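Read through the structures below before going on.
Below are two complexes that have subunit A in common, paired first with subunit B and then with subunit C.
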Partner chain A sequence: MSPLEIARLALRNLARNRRRTALSLAVVAAGTAALVVTAGFVRFSFDGLRAAMIHGGLGHLEIADAAAAAARGAALDRPASPALADWREVRRALEALPHVTAVGANLHLMGLAQSADGRSVSFVGVGAEPDRERRMGFEVRLREGSDLPAAAPAPGADAALLARGLAESLGVRAGEVVTLVATTPEGTLNALDVTVAGVVTTGVAELDTRFLKLPLASAQRLAQTDSVSNLLVGLDDTRATGAALAAARAALAGRAAPLAVTPWSERAPFYGQVRDLYLGIFVFLGTIVVVLVVLAASNTLVMSIMERVREIGTLRAIGTGRGQIAALLVAEAAWLGALGALAGAALGLGAVLGLNAAGLRMPPPPGAVDPIDLRLALVPEAFAGGALLMILVLVLAALLPAARAARLAIVDALGHV
Partner chain B sequence: MSGAVREAPVFRVEGLTRSYRVGDADVRALAGVDLEIGSGELVVVAGPSGSGKSTLLHLLGALDAPDAGRVFVEGRDLATLGERQRTLLRRRRLGFVFQAFHLVPVLDALENVEYPLVIDGVPRAERRARAAAALDSVGLGERMSHRPDRLSGGERQRVAIARALVHRPRAVLADEPTGNLDSGNALRVFELLAALGREHGATVVVSTHDPELVARAPRVVTLRDGRVARDERRPEAVS
Partner chain C sequence: MTPALARLLAASDPFAAAPAELRLELSFVGANGAEVPLEIWRRGDDLALVRFLAERDLGKYVVRRGKEAWLLAPGAKNPVRMSPALAPAGGAALDELLSLRLARDYRAVSAEESRGVVTFELEALAPGVEPPRVRWAVDRARGLPLRAEFRTAEDKPRRLVEFKSWQDERKRVPAEIVAKDLLRTGSALTVRIRALFDLQDASAREALPPPPAPAAAAPAPGTVPSPGAKDQRPP
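Entry: the complex of A and B
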């Protein structure tokens, strides 16, 4: 009996008990749809978190003095010393590389912010280049006021963006003046009056209590340095990060003072932790789905075999081999898996499109400030993987009952009531 | 001494015994049966219920194995055959007809008859033609696309007969083939089996306790309590 004949007969057998087959198909379809929807949610969350990390301040690559980079942690709020003196030359070399949209310089600061009425709050700040950050696709989440001007401010016209929590602690609003006090590389204290251009959120509640951003020129005036802490490289495509990393390392090799080129993923341990957590949840959910499908499908397959014991005996009597019987029953399971998965893929597609169209919002994730849109990505590999998983699961569930049916004693089977 | 090679009987059994466990008791279905059935013979195995008719047919058809004794089919000792060889013997050399028809409900009449050829890998065009001819020969040429649930009992058994003969077996074993039919249909089915057996040159062994059929058989082996009580040849019988 050819595989085609077996597949054809198996499909016919599924039509015997339509209600039971429909129930099994519904279980497989629901399982597949659950996998597709969950994968869509997980993928969208990964993509969103990655974009938030990259465009929220990490950039795709960071260039820093190797010794300085090794001496500090990766997080944004741990200032690096202003160790990059020839950063303009380095930037020129980097901006000539493919996929690079812009290279922005950052100077990290820590100090004390003081309001006109005498309130003092410690801050972590970054001096940045707004024009380049815009080209790199960095987001500024303004809650009040306006963004920093693109051009470097003249002395005496310094401005800053204050994170919401910091602005609240100082009791200041856009347009008011605060005094920033920070230590210079030489260890002396320096102060700078800045006008609050706007109030922003970093998206991270904890950081919002301390963060401020000011133009690079203002930050350099405050720190009394011409150097920067690091350079952030923006790319036109996150998938090009690996290639750009290699190109940047090659372009910067051989310098007297070596530079460390670090991809965003190594500077965002949080992303890795979230991804591992989500993948863990996905695997857990997938396991539950598989167990449910196996239980439901096994029941269907065993019932279907029990009802056909006499027929199986007849088929064996007239010369059907044990392997042919087993193959027939396994093919029925494979059909259930394939058809159920197909229905599940359609159901999952409908659910993804429907939920996206519904525009639902979810509460802020732990540590975040804003609610997030509930959106699901279409993940082709989840459709294909879900379908293959269902077929595999059904086939595995069928192996034991099929083997048992194939080994039935013919005379007993013929006399089965 | 003759130089001619004597053709082996289609079936030969020696000292056949077979018991079944029913509850706590051993029920002896066959208690030492010796029998030979030659090529092209039509044999009715008669006897009351429980006399061992079905058991004998199961053993002849390699569906079961005896506790003791030997079964030879076309000279081959079934005890020496493996599972796969027994399956091939049933597929290619034997045909089966059962009391309850045992057609595959999801296949139509033509597909049911075609099935033995499908499992043997016969090309589609050839097997369709052979199955159609077999259905024609049992008078169901017009009912080929009917599924079993749309056929009468007599028609179903005729489909089963066509299925038993479509692969041109050496012998057909029919276990109470008329047990579920009224007397008119029973006679027609029996005569059909006899006629087609003759036409194909196949040995036909039919178990029955229907006296009308017994009366028409050219050879009647009567079983009683698991033994051959009588082996009667009647060349004058009508079938």
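Entry: the complex of A and C
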């Protein structure tokens, strides 16, 4: 028998017991669909988390004074000192690089915010450039009031966005004035009145209790400095991060005061932890799915062989070789895998589209403020990989029963009851 | 404690004999290495005005009345009441030191001498005296303090002040003091005292520089800060 004949015969054999074949196909299809849906959820979660990190304030690259970055060390939440004095020149060099949409300067602050009625709450703040942040796709989640104006405010017209927990603690709303007190780089104190332009959420409950954002010019007035803590680089495509990192390092090499260029992934250990966790869950679920499919398929194949022992004896008696018998049974398994995977891919596609259309929401993750949309990504690799995996799993599951069937003695097989 | 040690302790107190009304010209080396010039005006222990003299600090003052302190800054319409958390390490250390009255407020629990240095363990006589405990090290031969360790009521070290050099040993006027806040991380703060004026001394008053321009005027130490207080001049 030629391979084509074996394949055709195997397909016809599957049609002989339609109910058993349908059951096997259902198991394989469900396994494939489970892999497709899980991969879609994991991919969407990765993409969403990455976008939230990058557009929530990290940018794609960070440029900071190397010594200040080293002093900051692993404590990434500790504000960097305003050590970047010639940041405008550095920015000009960076904005000339390919893929760079904008480079925004940040000045980090810590201090106390006081309301007019004397309530005071400690804050962590960032002075930023709203116009550039908009070009970088940074997201401002306003709950009340308005965003910061694009232009730098004149002295005496300073404004700030307060995170909602901080605004609640101070008892202030948009339009009211709070006084910010912070330490200057020299170690003296300074104070600045700012009007609350709006109330925002950072998305992180803990940070919402103490975060505020103000225009860079206001932050520099408060800190009495012209320097900034770091520069954030926004790119038009996250996949270009590696190339942009190399280009930025090359453009900034040879400076007297070396600069550290850090990609967003190194500044977001949380992303790596979540990624590892999700991948672990995905592998765990995948293993369970594969084991279930293997067990179900093995059972079906063994049953199929046990019912066809005399048929196998007859085939052997009329000259069919052991290899051909084994190949026939393995081909049946491969067909089961291929057809089941095809059905599973269709089922998975339907599930992904259906769940996305349903607009379901999940409760906020621990520490987060807002519920998150349950959306699934379509992952072509999951469709192709799932199908190949199922075919491979079915073929592997068929190897042992097929080998046993091929080893049957003709006389014993013909006399099998 | 022997009478000799008691005399040494009393004589080593640099601020016990400080004028009741004084003006201190000093500077401190900021965290970024820049020198921050300022002057302190004091009347008794309860009233003090710190005026920042650097160009970028013009119009910035700290006013203290008793234990209450306010920050006045050009960017803020109203004075900002300063909690202890806001007190900058250097200013607080110096002000604490200026308020120290060893002979009046403390009793010596013990005194140990080693290699010419006498270390007094001092305990506040009344509750509310800050700091509650002081470890005071004195150079016996010169009668000058070497360092003061401010300690909590639980006897844990809180702040270390070292007297590095003196501009007038006889009058116990230090030239350079290094303060280190032991409860916070950060580098030590160096305070350099340039001049001390006794404001009750007419000749010293005549030596004072002219008052600042109205825009940079300061409230008088004897007044309670108010929104209009920034327009008042120092004495």
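Simple rule for what comes next: the second predicted complex is superposed on the first by the 412 of 417 C-alpha atoms of A that agree within 3 Å, B and C clash if a C-alpha of one lies under 4 Å from a C-alpha of the other, contacts with A are read in each partner's own complex, and residues count from 1 in each chain.
To be clear about the criterion, a contact is a pair of C-beta atoms (placed from the backbone, for glycine too) under 8 Å apart; a residue touches a chain by one contact, two chains touch by 3 or more.
In this text the structure is predicted, and so the values were computed from the model without any measurement.
Enquirer: In the superposition on subunit A, see if there is space for subunit B and subunit C together, and answer fit or clash.
Expert: Once subunit A is superposed (C-alpha atoms), there is room for both subunit B and subunit C without a clash.
Enquirer: Anyone got the angle at subunit A's C-alpha centre between subunit B and subunit C, nearest 10 degrees?
Expert: The vertex angle at subunit A equals 150 degrees.
Enquirer: If you stack the two complexes on chain A, which partner ends up touching A:226: first (subunit B), second (subunit C), both, or neither?
Expert: neither
Enquirer: Please work out whether A:317 is in contact with subunit B alone, subunit C alone, both, or neither, and reply first, second, both or neither.
Expert: So A:317 only meets subunit B here.
Enquirer: One more residue to check, A:373. First (subunit B), second (subunit C), both or neither?
Expert: Neither: A:373 stays clear of subunit B and subunit C.
Enquirer: Determine, under the contact definition given at the top, whether A:411 touches first (subunit B), second (subunit C), both, or neither.
Expert: first
Enquirer: Regarding the shared-chain residue A:185, is it in contact with subunit B (first), subunit C (second), both, or neither?
Expert: A:185 sits against subunit C, while subunit B stays out of touch.
Enquirer: What is the minimum C-alpha distance, in Å, between subunit B and subunit C after the two complexes are superposed on chain A?
Expert: Superposed model gives a least subunit B-subunit C C-alpha distance of 84 Å.
Enquirer: Contact residues on subunit B for subunit A in the complex?
Expert: Residue positions touching the partner: 58, 61, 63-64, 83-84, 87-88, 90-92, 94-96, 98, 100, 102, 104-107, 115-116, 118-121, 163-164.
Enquirer: State the interface residues of subunit A toward subunit B in the complex, per the touch definition above.
Expert: It comes out as residues 1-2, 5, 9, 12-13, 15-16, 310-311, 313-322, 324, 409-411, 414.
Enquirer: Which of the residues in subunit A end up touching subunit C in this complex?
Expert: Those in contact with subunit C are residues 81, 112, 114, 116, 118, 120, 122, 155, 158, 177, 179, 181, 183-193, 221-222, 224.
Enquirer: Going by the contact rule set out above, which residues of subunit C touch subunit A in the complex?
Expert: Answer in residue numbers: 28, 30-32, 34, 36, 52, 56-57, 60, 62, 71, 73, 75-78, 80-83, 85-86, 88-90, 189.
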